[in-house]
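Pasting the structures here.
There are two complexes below, and they share chain A, which is joined by chain B in the first and by chain C in the second.
Coming up: the complex of A and B.
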C-alpha cells in the first residue's frame, strides 16, 4: 500500500480534475474587487469612446504561452467578448513568440460568434523582441516599430488603425502573462508617461506580486487564474471554460487540503504512539 | 582592448537612456535624444537578433558534437536539432511562399505538437503538487503551522465551495474575504519588502555594469 501511495494520489487527482468536466458542473463565483475594477475600466473606455471623435484602442498584450493557456485563455475570451460587445477596437501585441498567434486564434473564435471581422474590429501587431526597448521606441515613434500587421499588411492600411496616431491613442493596456516581470515595463514606461490604465491577467500562482501594483494605483485591475476568468465571465454574462474549470479546481484544491491534513494527522498519531511506548 | 570596447559601448548605451529620461524634452539635447530613441531601439533589436543567431550556432555546435562523439543522451540531441530545423524551415517556408502544405506542416508541429506537449508537461504539476502535499508538508514548527493555515485559507478562498464551508461553519467572514485580506495586506507587505530589496540591488548592479566594474559582464572570470 505504502509503495503504491503516489499512484492512489495520482488517481485521485486525475479523477478530481476530469469528473467535474465530464459532469459539466459550474458554480456562481463571488466577484472580487480586482476583477470588478478590470470590468469597470473597460466600461469606462467604452463610455469615453462614445464621446470621442475617434475611438481609442485597447491593447491586448499576449505574453502567455501554451503552458498557461488553461488559465489565461478563458480570461482573454471573456475580455474579448466584453471588448466586442462594447465596440471597443483592439490590437494584439506580444513579447513571447507564441502569444500573438494564441491571441489571434481566440480573437477569431470570439469574432466568429459575434460576426466581427479582422481589420475592422481588431488587428494584430505581431511578435516583438526586446520588450523594454520596443515599448520605449513605440512611445517615441510608433510607426518606426510597428510597420505591418501579422498578415503583412502595412499597418496604416488596416482600417482599424486609420485614426491611430501613436501610443497616446491606446486607451487601455490589458497585459496577459504567466510571468509577473512582463507587466513591469508597461507600468514603468506606458503608465508612468501617458497614465494609460493597465489591467492584468495572470495565473493563480502569479497573483501575489500584482497586489502592490494594484494598491499603489499603477495598475487599475486584474484577474488571477481560473477564478478570475470565471468571475469575469459572470460579469460579461458569457459563462465558459472559466466557470466549467472552477469545479475541477475546487475538487483539486479540496483534495490537496485533505492530503495535507491526512499526512499531518498521521504524523501526529505516530508521534503520540512513539511517546506512549517510551519507558 | 576587448574590455575597453565593451565598457565603452555599455557606458554610452546606458548614458543615452539615462540622459533621454532625465533631460527635459523641450531642450535641444532632450529633443535630439528623444528623436534618436526609436533608431537606437532598432539598433538594439538588430544586435539582439545577432545574439539569437549566435545562440543557434552555439546550440548546434554543442549538440552536433554530442551526436558525432555518441556521448550520453545523443538521441535527445538528434531530436532537438531535428525539431529546431523542422520548425524553422516550415515557418520560413510558410511566411515567404504560403502554400497550404507548408501551413499545415507548421500547424502540425506548432499547434498540434509543441502546444500540446507544453500543456501536458505543465499539467503534470497538479499531480506532483498533490503528491508533495502529502509527503512533504509536515507541521513541525509554529512557522510551518502558520504557513499551513494560510495556505488552506487562501486555497479555500480561491474556490466557490470555500464560502459554502464558511457558511456551514457559521464563520463571521467568508474565505474569499479572508483570502483577499491575506493577499492584499500580509502578502503585499512581504512583496514590497522583496521588491524594494530587489530594486535597490538592481540599481547597484546596473551602476556596476555601466561603469565596467562587473567582471562577469566583461567576460572575465572573478578572482
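Coming up: the complex of A and C.
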C-alpha cells in the first residue's frame, strides 16, 4: 500500500480533474482587479476608436508555445471575442516561432464564429527574431521591419493596414507569454516612449512577478492562468475552456489541500505517539 | 496540407495520435518505461525540428538567403551578408577542442550588442516616471478625510483597546491563579494581539490609511530584503541588521510560497487541458 501511495494520489487527482467535466459543474468567478482593468482598457480603446477618423490597432503579441497553450489559449480566445465584438482591428506578431501560427488558428476559429474576415478585421505580421532590436526598429521605421503579412501580401495592401502609419497607431499592446522577460521590452521601449497601454496574459507561475509592473503603472492590466481566462470569459459573456476548467481546478486544489492536511495530521499524531511512548 | 486537415479520416487519425501521445506520457506516473521514453524523444525531436524549419522558412530564407545571398533573386545582394553567415557558423567551433576560441567571435558580438541594448532597457524599466525604482519611493503618509479618519480610528482603537484589556485580564488571571511571573515573550504576544485586532478592524479604516499601510509594507519589504542580500555579513554584528535581514528572509519565503502556489495551479491547468482533450475531442463526452 505504502509503495503504491503516489499512484493512489495520481488516481485521485485524475478523478478530481475529470469528474467536473462529466458532471458539468460550473460556477461564477469573482472578478479580480487586474482582469477588470484589462477589460476596461479594451473598452477604452473601443470608445476612443469610435471618436477617431481612423481606428487604432490592437497588437496581439503571440509569444506562447504549445507548452503554455493550456493556460494562454482560453485567455486569447476571450480577448479575441472582445476585440471582434467591439470592432477593434488587430494585428498579430510573435517573437517565438510557434506563437503567430497558434494565434492565427485561434483568430480564424473566433472569426468563423463571428463571420469576420482575415485582412479586413485583422492581419498577421508573422514571426520576428531579436525582440529588442526589432521593437526599436519598429518604433523608428515600422515598414522596414514589417514588409509583408504571414501570407506574403505586401503589408500596405492589407485592407486593415490602410491607415496605419507606424507604432503610434497601435492603441493597445496585448502581450501573451509564459515568460516575463518577453513582456519587459514592450514596457521598456513602447510604453516608456509612446505611453501605449499594455495588457498582459501570462501563466499562473508568472503572476507574482507581474504585480510590481501593474502597481507601478507600467502595464495596465493582466490575466493570469486559467482563472484569469475564466474571469475574462465571464466579463465578455462567452464562457469557454477557462470557465470549464475552473471547476476541475477548484476540485483538484481542494484535493491538494485535503492531502496536505491529512499528511500533517498523520505526522502530528505519530509525533505525539512517539512522545507518549518516551520513558 | 489544407486538404489533409479538412479530411475527416486524417482529423480522426490526428486525434487518435494525440491521445496516444498523451497517454504514453502519462504512463510515466506508473513507472518509467520504454513507451514513455520513445514518445519523450519524439516530442523533443519534433520541437527542435519545428523550430529549425520555421527559423529557416520565416527568417533566414526570406530575409537573408533570398534577399541578400541568392544571386538573381533580388537586387539587394551584398557580399557582406554572406560573410555574416560565415561569422555565425563560427559558433559551431565550440565542438572543437583546438579551435574553440573561434566561437568567441560571434559570442563576443552578441554579448557586446546585448550589453549596449540592456542600458536602454534598464533605464526604461527602472528609472522612467513609472519605473520600478521611481515607484519604490512611496509616500508613507497619505492624506485622508479627517472626520472619516477620526470616526473610523475611534472605533478601531476602541475595538483594539477592548481586545488588549481582555488579553491583559487573561494574563493577570493566569498569574493570580498560578502565582508565577508573566511568561517570556510577552511583548511579542502583545504586539501580535494588537496587530490581529488592527487587521480585524481593517474594513473600518479609511482608504488613505489603507494605502499608507500598503506603502509601508512595500517599503519595509524592500529595505528588509535588501538588508538580507547586501548586509548579511554585517548582520552578524549588528542586532538591528540581524532583525531586518531575518524579516527579509521570511518575507522572501512568503513571496516564494505565493509563486509556488501559482506553479501548482499552472501544472494543474496542463492536466486539465489534457483531460479536456481526451474527454471532449477524442471521446466526445461533452
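Some points to look at:
The definition used in the following text is that the second predicted complex is superposed on the first by the 279 of 279 C-alpha atoms of A that agree within 3 Å, B and C clash if a C-alpha of one lies under 4 Å from a C-alpha of the other, contacts with A are read in each partner's own complex, and residues count from 1 in each chain.
Criterion: a contact is a pair of C-beta atoms (placed from the backbone, for glycine too) under 8 Å apart; a residue touches a chain by one contact, two chains touch by 3 or more.
The model shown is predicted, which means the values in this text are computed figures rather than measured ones.
In the superposed model, A:21 makes contact with chain C only, not with chain B.
Using the contact criterion defined above for the overlaid structures, shared-chain residue A:185 touches chain C, although it does not reach chain B. Looking at the shared chain after the overlay, A:273 reaches neither chain B nor chain C. In the superposition on chain A, contact is made by A:263 with chain B only, not with chain C.
Contacts of A:241 after superposition: chain C is touched, whereas chain B is not reached.
In the superposed model, A:126 makes contact with chain C only, not with chain B.
By the touch criterion stated above, A:218 is placed in contact with chain C alone, chain B being left untouched. When the two structures are aligned on the shared chain, A:50 is found in touch with neither chain B nor chain C.
When the shared chain is aligned, chain B and chain C each come close enough to touch A:13. In the three-chain superposition model, chain A touches both chain B and chain C at residues 6, 10, 13-14, 17, 66-67, 69-70, 98, 129, 133, 204, 207-208, 212, 215, 225, 227, 249, 252-253, 256.
On chain A, the positions that touch chain C within their shared complex are 6-7, 10, 13-14, 17-18, 21-22, 66-67, 69-71, 97-98, 126-129, 132-133, 184-185, 187-189, 191-193, 203-208, 212-213, 215-218, 224-227, 241, 244-245, 248-249, 252-253, 256. Residues 29-30, 47, 50-51, 54-55, 58-59, 113, 117, 120-121, 123-125, 128, 130-132, 134-135, 255, 258-259, 262-266, 268-276, 279-280, 285 of chain C are the ones that touch chain A when the two sit in their complex. Only residues 5-6, 9-10, 12-14, 17, 27-30, 32-33, 65-70, 98, 101, 129-130, 133-134, 136-137, 140-141, 144-145, 204, 207-209, 211-212, 214-215, 225, 227, 246, 249-250, 252-257, 259-260, 262-264, 267 of chain A touch chain B when the two sit together in their complex. For chain B in complex with chain A, the residues that touch the partner chain are 17, 34-35, 37-42, 44-45, 48-49, 110, 114-116, 118-119, 121-123, 126-127, 129-131, 133-135, 137-139, 148, 151-152, 155-156, 158-161, 163, 174, 176, 180, 183-184, 187-188, 191-192, 195.
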